[in-house]
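Each of the next two complexes has chain A plus one more chain, namely chain B in the first and chain C in the second.
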Partner chain A sequence: MNLIENIKKSLSENILNLSDLEQALKVGLPNPKTESWKYTPLNFPISNYEISTKEINSQNIELFKYVERFSKENDIPLYLLNGEILNVIPNLTKTNIEKQYNYFIKDFFYYLNQSTNKEIYSFVFDKSSENKNYSFIVGALAEDDNFLANTSLSFVIKKDTEIEFDFYFTNFTKKSFLQNNYFSFKLEENAKLKINILEDDPNQLNLINNFYLDLSDNSQLNLSVFAIDGIFTRNNIQVDINGQNCDALLNGLYIGTKKNVVDNHILVNHNKPNSHSNQFFKGILEDKSRGIFNGKVHVKKDAQKTNAYQSNKNILTSADAQIFTKPELEIYADDVKCSHGATSGFLQENEMFYLMTRGISREQSKSLLLKAFVNELIQKIENSNYVDWLDKKIDNLI
Partner chain B sequence: MSLLKINNLKANINGTEILHGINLEVNKGEIHAIMGPNGSGKSTLASVLAGKKEFEVTEGSVLFRNQNVLELEPDERSKMGIFLAFQYPVEIPGVSNMNFLRTALNEHKKYRGEEIIEPGTFLKLVREKANLVKMDPKFLSRAVNEGFSGGEKKRNEILQMAVLEPTLAILDETDSGLDIDALRIVAEGVNTLRNSENAFIVITHYQRLLNYIVPDFVHVLHNGKIIKSGTKDLALELEEKGYDWIIN
Partner chain C sequence: MSNELIEQITKSDYKYGFVTNIEQEYAPKGLNEDTVRFISEKKNEPAYMLEFRLKAFRFWQQMKHPEWQKVNFPEIDLQDIYYYAAPKIKSKPKSLEEIDPEIRDTYNKLGIPLEEQKLLAGIAVDAVMDSISVATTFKDKLAEVGIIFCSISEAIQEYPQLIKQYLGSVVPYTDNYYAALNSAVFSDGSFVYIPKGVGCPMELSTYFRINAAQTGQFERTLIIADEGSYVSYLEGCTAPMRDENQLHAAVVELYAHKNAEIKYSTVQNWYPGDKEGKGGIYNFVTKRGLCAGDNSKISWTQVETGSAITWKYPSCVLKGNNSIGEFYSVALTNNYQQADTGTKMIHLGENTRSRIVSKGISAGHSDNSYRGLVKVARKATGARNYTQCDSLLIGDTCGAHTFPYIEVENQTAVVEHEATTSKISDDAIFYLNQRGISTEDAVGMIVNGYAREVIMQLPMEFAVEAQKLLAISLEGSVG
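So, the complex of A and B:
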């Protein structure tokens, strides 16, 4: 495969994990027969991509000025460009990759990521890091089309610590770029983590985002992911509930336009009893876009008294738009409360007619109804820096 | 002066003809009642006048202020002054009643070339109108019709009418599902809004509503045609004898 050869040529052996590269080649790209990629076409020529070797230095931080539109007091930004960290924030260390990363699904993209990351950046947050807002801005920069970068970060939220993260993904050039990102989070006892993920880049950014979250006793996770307007977006979000009395809320909104592909693969493993999880995902598919939702809840034999819920709702605004949704429950415990469900359909004609008979045009009625559909999710991030901006962005899109 | 002129109107749904040639003329300042047994085409007529796409008009014309409206979208008809109070008002989760009403009113204002209304001024206006139909202001901040009782939904229809001030209002069985008190409040709302420049078409099954909203004309619709027209006394006669004596 050209991609593998390109990487071998571009990177010297001391920063390359050759065995992972060989492994990537062996596993091969996902194809329509790969169950978890069945409905997710790679709509960009991945096998001809090259690894970005563009020199990155702290001067590039200038690029990130745009993010200041979101800045608030107490905001601590961390800039990453093509997988490299540009500035220093407290709590940062480097660790060996293997310890943190053995939970991810071992597919092509995993090995691809590992092949260029011998060490990964690791952050530890404790009580002293509280009351600040941490933003992680993951940028892409290349002088030509068809480049990629691998990013890996690992986070530990110490006992009793409450913290909030914003993640942004962006492309600074209009050249097609793939970000292949892996993030892992360990929540220690009684830790509380809120994560807002904003994937909104229309500039030829293809995004493969992996989030792995490990929850200890009494910890709480509140994750929101907004995938809007990207050309290709694949989110793999896995939550392992490895403690009791945990709470895991996962909210997601995805909006597909043009010929975009947007995919959310969610897995929640209830490994211990007495915890609660909820997946709440909504999608709007316009034009010729394709949406994929696969949400799985796995309740292990010992995870009694689990409450696990899942809901996925979709609206298609065009006859050429597609949604493939698959809510899954796999339950091995006998004393649990679980529910799952998925809906998909067009805008309700009777609702449209009602609004129109009051003098509201077809276009405006459509956006009123779509806005109502997404509001429920936007309201969930009310404290974030970018909620107003997101609101307007969605207004423009629908 | 003629406000609405329906001429030989025929309409289909899924290939089945429901309206077989309706003729009706409504002048400014008039109230017309349309009565008739179930399935006679009353609601179809109301929907066709408001512009519902599911119905296909195959023949005839509808002139509103001397303009044929059959080719117009429902929102354009609304802005010209046609209002339909629904028999079954639609619930719209997530859209606040207030936002909905203000958007609608502003569309009407834009159409008339007027300034859009400020939120503060609108709030005052809508409170005043809500009082007219004795609607609790808390319903204004809720989603449109969501979780409203049957009576609250009908009041909300009259509230919308009061805010938009149409020249022709079609009330499609607004009395169905209303208790006596609610019926009186809704009727009072209509009577307050009526003037020499507007007109009403009141579709109903029962003479009862017509005690409160007194019609100038009563029409009997049967099998997609108006088979008899008269004054308000016709409604009383129907109440007493039923429809059989006209139909047969």
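So, the complex of A and C:
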């Protein structure tokens, strides 16, 4: 495959894991017969991509403009551009890759990611890191077209620590760019983690994001993912509840426009009893976009007294939009409460009519109704700066 | 609930497990083109049928066994099965008195009113033992209104026009592995044709029984409802208790024309295997209905309590505008039974509606999966679907799973899916105990209440049977 050859050519052998590259070739690209990629077409020419080896121009104006828009006090930003860390923040160490990464699904993209990362950066956050906002800006500043960046990071949230992360995935150039990211999080006892993920790119971004979260006793997770723009977006989010009394809230909003593909694959494994999880995802599909949602709850035999909920609601606003949703349950314990729901619908004529009789134009009624649909999710974020900024962004889209 | 009670409920016996000693005629064991030719020849079929079978067989040879299902079983040795086993009948029986008394006894034991005098219930029966149809009752009366109700081999001889037109039109032999196999080696089954504007005056029914050892049953049912007609069709199944697993791979095709309605009800009680999961029937069936005309309706109701493995998806293709598809299912698994069942609703026409109600009950060491597809095609403007699938777990050694696929390609579609999983609450049991009802009876009552929405859809006689069946199948499993 071209892609593999490109990588081999551009990087020297001491950076590359050749065995992983070969493994990637062997596994091959996912196709419609691969169950987890059944509805997700790779709508970009993946084999033309290569790794960027050029120096990064960190003085790029676009970048600062982007950050300024939402920067807050106490903000500690970390820039990950073209797969490289630009600045250094405290709590950073480098570790050997093998120990960290064996829980991800071993597919083509996994091996691709591994092939250029012999070591990964890992962060440890403890009590001393509380009350700060950590922003991770993951983007591209490539000068040429068709660049690929493999990013791997691992995070440990120490006992009793409460922390909040904001992730931004974007592209500061108009060049086509593919991000293949793997992030893992370990929450120790009583840790609280809040993650807001924004996937937003008006230019050409193809994004494959993998999040793995490992929860210990009494830990709490609150994850929100907003996939609002991008040619191709795929989120694999896996939560392993390996402790008791955990709380995992996963919220998501996806908006498909143009010919974009947006895909959320969520897996929550309840391995221990007495925990609670909730998946709440909403989608708006416009134009010729395609949305995919696959949420799965797996309750192991010992995970009694589990409460797991799942909800997925979609609105299609155009005759050419498509939605494929599959909310799955796999349950091996009897004393559990699990439910899931999925709906797909369109803007109700009578609701539109109601607004229009009050002198609101058709266009405005439409956006008002869509706004109401997404507000439920946006309001779950407490940070008001962020909400305002996101609000405007969504306004422009709908 | 106590574990003892769970034990009790899971430990009831299968009461239809007897073997009838009648002389059987077999095809040579194994599967090759000669077997297909043998079956066709034995049944004295016209050339077009042999061609159909051979085409299917050749296609099947190139197919691989699917792997996506959530049921586990050792590979089936298809060469170790008799593909044709028939009770020896010297000549075709003219009346019911001429039927082998042994066969009649069998059906009497099963409580099937084969004899006409018992038919006050007003059900016309087509009984299929192993591979061939042994008796069809009430034929003449039905013929008066123009309804054809006979075995499919008879239809192949006498109504070649209809067979040529409809056989394989809903489930083509290319559809799946077992449908291809069935198309090649099917031996018998029922055929129903309801002419224009006729409402079938009685319930039609088929009783299937596998009797011979080491055989597979491959029956084929074809029901055609012409414009403005109505038919309600019932199907029941039993088999003897044997240590080996037997394969049952049937194909059922329903074809509804304009304004026609077909109601298809199944009470499936094949031998589920013993408590250790030994033996039992593999029930791998392809059932599909096509709402070809406008305003047509197809409704599937199934109560599944038997079989070691149930693997089937009775589906509706809603092609005609304003057509309706319905699917009501109760699937109960106990001991080591496995079920992967559900439905497919394919919306192609405008303003098509579908409704799915699926109730899964798992007990013992069983695994019960719902797998469904709701697809709204681009042109299906105004399509509507409502899906409800609930699972009930009894005991902590069983599993319940749901895999709903929802594919929407039309913005005007409204699709709703909801599912819950829970156990029988201690409060509910306590409440009933308090009123002097034993825990075992209480569980039976609660399960019946839980499944009521589906059982109500069955014709009365079947509903009573289904209720009893649920209670019996659960005996010894209270948890």
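One rule holds in what follows: the second predicted complex is superposed on the first by the 386 of 398 C-alpha atoms of A that agree within 3 Å, B and C clash if a C-alpha of one lies under 4 Å from a C-alpha of the other, contacts with A are read in each partner's own complex, and residues count from 1 in each chain.
The rule is simple: contacts are C-beta pairs under 8 Å (C-beta built on N, C-alpha and C of every residue); 3 or more make two chains touch, one makes a residue touch a chain.
Keep in mind that what you see is a predicted model, and the values were worked out from it rather than measured.
Engineer: Output check: A:V225 vs chain B and chain C. Expected answer is one of first, second, both, neither. What do you get?
Structural biologist: Once the two structures are laid over each other on A, A:V225 reaches no partner at all.
Engineer: Looking at A:L368, would you say it contacts chain B, chain C, both, or neither? Reply first, second, both or neither.
Structural biologist: first
Engineer: Using the touch definition from the top, say if A:Y354 reaches chain B (first), chain C (second), both or neither.
Structural biologist: In the superposition, A:Y354 touches chain B alone.
Engineer: One more residue to check, A:E330. First (chain B), second (chain C), both or neither?
Structural biologist: Touch partner of A:E330: chain C, not chain B.
Engineer: Is A:T343 touching the first partner chain B, the second partner chain C, both, or neither of them?
Structural biologist: Second partner only.
Engineer: Quick check on the superposed pair: does A:Q304 touch chain B, chain C, both, or neither? Answer first, second, both or neither.
Structural biologist: Touch status of A:Q304: second partner only.
Engineer: Under the stated touch criterion, which partner chain does A:L153 make contact with: chain B (first), chain C (second), both, or neither?
Structural biologist: neither
Engineer: Counting residues of chain A in contact, which comes out ahead: chain B or chain C?
Structural biologist: C
Engineer: Check the residue A:T317 against both partner chains and state whether it touches chain B (first), chain C (second), both, or neither.
Structural biologist: Second partner only, chain C.
Engineer: Just to be sure I follow: which residues of chain A are touched by chain B in one complex and then by chain C in the other one?
Structural biologist: On chain A, the chain B and chain C contacts do not overlap at all.
Engineer: Inside the complex, what are the residues of chain B that reach chain A?
Structural biologist: Spelled out, the residues of chain B in touch with chain A are 50-54, 73-75, 77-79, 83-84, 86, 89-90, 92-95, 100, 103-104, 107-108, 111, 143, 160, 164.
Engineer: Which part of chain A faces chain B closely enough to touch in the complex?
Structural biologist: Those residues of chain A that touch chain B are 349-351, 353-362, 364-365, 368-369, 371-373, 375-376.
Engineer: Along chain A, where are the residues that touch chain C in the complex?
Structural biologist: 35, 39, 301, 304, 314, 316-319, 321-346
Engineer: Write out the stretch or stretches of chain C touching chain A in their complex.
Structural biologist: Those residues of chain C that touch chain A are 68, 378, 391, 393-423, 479.
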